[in-house]
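Next, two complexes with chain A in common: one pairs it with chain B, the other with chain C.
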Partner chain A sequence: MSIEVRNVAKQFDGFTALHDVSLKVEPGELLALLGPSGSGKTTLLRIIAGLDFPTGGRVFFNGEDAGHRHVGARGVGFVFQHYALFRHMTVLDNVAFGLRVKPRQQRLPRAEIVERAMRLLQLVQLDAFAKRYPGQLSGGQRQRVALARALAIEPRVLLLDEPFGALDAKVRKELRRWLRRLHDEMQLTSVFVTHDQEEALELADRVVVMSNGRIEQIGSPTEIYDRPASSFVYEFLGDVNKLPVTVESREAIVWSRRFPVGDDMPEEGVASAYVRPEDVEVSATAQPGSVPAAVSHISALGPIVRLELDLEGQGQPIEAELTRRRWHELDIKRGQHVWLSTNRARIFIDQPR
Partner chain B sequence: MAQTIQPTETGFRRPTEESSLARFLIIGLTALFLLTFLVLPLVVVFTEALGQGLSAYLAAFADEDAQAAIRLTLLVAAIAVPANLVFGVAAAWAIAKFEFKGKSVLLTLIDLPFSISPVISGLVFVLLFGAEGWLGPFLQAHNIEIIFALPGIVLATIFVTFPFIARELIPLMMEQGTEDEEAALSLGASGWQTFWRITLPNIRWGLLYGVLLCNARAMGEFGAVSVVSGHIRGLTNTMPLHVEILYNEYNLVAAFAVASLLALLALVTLLIKTVLEVRYGDELAASVRRH
Partner chain C sequence: MAAQALPTAGLAATRQPRVIPGLGLSLGFTLFYLALVVLIPLAGLFLHAGRLGPSEIWRIATDARVVASLRLSFGTAIGAALFNLVMGTLTAWVLVRYEFPGRRLLDAIVDLPFALPTAVAGIALTSLYAPNGWLGQYLDPLGIKVAYTPLGIVIALVFVGLPFVVRTVQPVLQDLDLEVEEAAATLGATRTQAIVKVVVPSLLPAAVTGMALAFARAVGEYGSVIFIAGNLPYVSEIAPLLIRIQLEEYNYAGATAIAAIMLVISFALLLVINLLQAWSRRRITGG
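Up next is the complex of A and B:
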């Protein structure tokens, strides 16, 4: 099942949630819509589901215009952020709901419905909880019931709105892996919304980064992380040092090294250089193309050690990440003077936001 | 001013906990108030009603006019409550689940019967349907009786009681949002199935509570009904009106006997409500919080 979103726009009174968004989801793909709140990602997901309608543009399922089709007729499984489980029904009844509301001709016999619901509960490892009510389950269990319920109607497409948003970190990680497996096993086409870049990068085949109702970039997790298309994507995907630089004859100098600017940028002007903390090289002695700095803070939490460094003549501290081993080698202490350099920096012209 | 802080055994006291004197005063005041204004009148009603023995009490109900009044009251409630049930659900649904212009105006209008005197509510219908009213000549020409007849009483009762169910449901439905309905629809349920299987069960306890309140008021309404009824004995007298007539005739035992029936109704309502709260406490919690 492929999904195509063509020039979709959505306006609420006086507010544009989506500007002319186009996107294709390939069959069997697991796609993430990633963006901060208010970026329009949930609106886009709801439009794909048929829970909201676009004010412009179209949505195609397998090349067929789905615009006139009601949410119930689209064959989508929708998983809500807050689960939306029916609180007055048992877990089993929740999962069986989609099978029981079918028109009589299409409805399975009662016993078969129960059997199928139970199979789905086994799949989400909750068959022991069939007789419980949603109120008696934990967040992670509820989310699994919601998934089983959505899968009961054998959807061709699974849409998930911040599926792990309300769960604690450990459960979230487990469920993520489990969802990936489920997606592959059931050969679904899935789209999920998240504001958590780690989740998007870990789980998805492709990531769609959105901001202010527009798509900033579409690409595989590696592409997105290594070659961000805009300063927004750079900043949104992980930590970044943003340094003010001046562009002269298509080059900018970052820490005494020259970096070329992209073709689409003006020759001269004020710009920002983006350097990821892991791309900041720290050394104890002066190297060619390095600048002196003082260590103002060290946090050695886990395998990665984070340093905060003060550069002369620069207001904002620079963040650097070292492996624990490198940190021991350098034997860095707070207040010590070190040398910084980088060979990876991206220059973006400052855009008014 | 120095406050006396009385330490508990551990030497600590929660900041929100008052001193025992303040606590005693507040609880005492509340209890005294309830005793004076609720318990005492209730006791008076039953003592007066049973003051001359059970046979005198029962005799009050043997009276044909009393029986007619009871029948009329039941009939009026039987029409008004279902009407308001439908209206209340529709209004709450509209307000909680849709966005439209004039929503706040509608909300204010629903509250109107709470804020105007019942007598005025009755008068409005007299001015509208009465012999001298706007539609009076038309109704007379077609031989339709509204004022001083059952339709007028029903109309006035519906008007006075329509906020009860809607008011009970609006906050409940707003709090619940539309996610459950959306989930049901995405699973292939029709609008009708969604209403019966999802929306209605979600609001059932709030709805039942609203119906109880609405019913109690529909049977007990005096002011508005008094204006439109015309006090025709055995014909347009409801129980509260009958009580007043009996009382004005110094027929105290009969007056209090009928009144005791109304009081009993209130007590039963309260009892059902309490039983519901105990049995379905969790599910009711959402709606009880607001009372």
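Up next is the complex of A and C:
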């Protein structure tokens, strides 16, 4: 099922949570809404679900206006950040809830409801816990119950609000993979909200980056990471070095190398250059287009070695990432003088704040 | 070391240092205090009643006037508590869930029955519901008599018991996550189904606690009831009043006997309510 959000706006008294947002989710797609807290991503998700109502614009399901349709009639599975399980019901009763509240003529026979709920519990590997209460489960198990419960009504759309936000790192990673598999197997159209850029980039087919109630960029994880559309996206996705530069005749100089500014930028002004740590080239000797720097800190945990470098006349230290092999080749020690260069930098004119 | 420590492990466990110290002192003090304030007076009551001997107690317990008064006292108290269970929960719902002008004032009014001297409440209710009172004059032609009947007693008991249910349900309702109701809605539940299957079961333990408190208060209520009840023997004479009448006749043994009977019945009823609650709590926490 496709979802289209057209010019949706949402105002809470005196505060605008969403400004004129438009977005299309293709059938079978796994889409991430990524942004810091207060960016409007959860509000957008709730509007799609029908839990909140937009003050402007419309939501279409398969080209059909869903505005007048009640939450329960939208066929949407919603997974809440804090699970929202029914504490007084067993795990099985939680999962069966959606099947039991159907109008009598659509309702399955009792035994069949139990059977189907049990099958879903097997799917989330919790069939052994059917008779337990949510209070007796761990966070990850509760989240899986919440998922099974949402899937019980056979939704065509699955919406997840920070689904792994409250879980520890290891469980989060497992559940992520598991969700991806489930999404593909059940041929769902899924939208999930997250503030974790790693989660969005790893899991989603496409990522929507949001900030202050607006969409900053929509694209595949690689597009978003490699070609951020704005300084906000650059700073929000991964680590980045932000260097003050001056633009003159559509060019800026970063570490003695010239980089053109984008076509939509003014010809001159104060700007910032963005260089990802992995795009910082470190060499032991002077190369054309490189600048001298001193190594102030080395953190050699895992396969990637992070360096902190002090550049002359620059307040902020520069971060660089090297592979462990390259680090051994260069044989860099703390305090040593090295040479920096880059061939990838993006220039954005500073927005007056 | 380990081998030596093993046999005394059971003993040692009770002597382990605790995170919260002072169990011995605080428990001892609490027991002493409870004994002084609750147990000794009650034991005195039973001791006094016990002097009558079993046959005499049985005679008092089965005396028609005593039976009628006990039935009236407990019947009206249970009726009022059940009424408060429903209306108190509804009141708490309105106070928590809706924003409206005057909400805080309404919230404060709920406590008035706590603060008002019960005799004042009794006199006010009597003058309202008397056949020539503000409300009574409209009810009387319809054949509904409130003042000087068991119905009047129920109204007085509803009045004094109202805050209990409201105040116990309110915090639970405040903590009840709206998301749970939203989850029910996304799963296709109608509003009624969400209330009946999700909200009410979550509130039930608190509401039952409130009802138990309202009931306990109602059984012992005296001040507000005697004005509106009319106090006709066999019809609208409550057990506490009967005790007082016995006292005025210097029949101390008879008075204590009725009191002891009341106490036993109250205790049994509260025990049942508590067991019910423990059962429903266990279902929620799954413990």
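In the analysis below, the second predicted complex is superposed on the first by the 352 of 353 C-alpha atoms of A that agree within 3 Å, B and C clash if a C-alpha of one lies under 4 Å from a C-alpha of the other, contacts with A are read in each partner's own complex, and residues count from 1 in each chain.
Everything below uses one rule, namely that a residue touches a chain if its C-beta (ideal position, glycine included) is under 8 Å from a C-beta of that chain, and two chains touch if they have at least 3 such contacts.
Predicted, not measured: the structure shown is a model, and the values here were computed from it.
When both complexes are superposed on chain A, chain B and chain C clash. In the superposition on chain A, A:315 contacts neither chain B nor chain C. Look at A:153: by the touch rule set out above, it reaches both chain B and chain C.
Of the two partner chains placed by superposition, only chain C is touched by A:134; chain B is not. By the touch criterion defined above, A:302 reaches neither chain B nor chain C.
In the superposed pair of complexes, A:49 makes contact with chain B and with chain C alike. When the two complexes are overlaid on their common chain A, residue A:63 makes contact with neither chain B nor chain C.
When the two complexes are laid over each other on chain A, chain A has residues 49, 51, 70-73, 76-78, 80, 82, 84-88, 97-98, 101-102, 135, 149-150, 152-153 in contact with both chain B and chain C.
Against chain B, the residues of chain A that register as touching in their complex are 49-51, 70-73, 76-78, 80, 82, 84-88, 97-98, 101-102, 135, 149-150, 152-153. Residues 179-180, 182-190, 193, 197-198, 201-202, 204, 282-283 of chain B touch chain A in their complex. Listing the residues of chain A that touch chain C in their complex gives 49, 51, 70-73, 76-78, 80, 82, 84-88, 97-98, 101-102, 132-136, 149-150, 152-153. For chain C in complex with chain A, the touching residues are 177, 179-180, 182-190, 193, 197-198, 201-202, 283-287.
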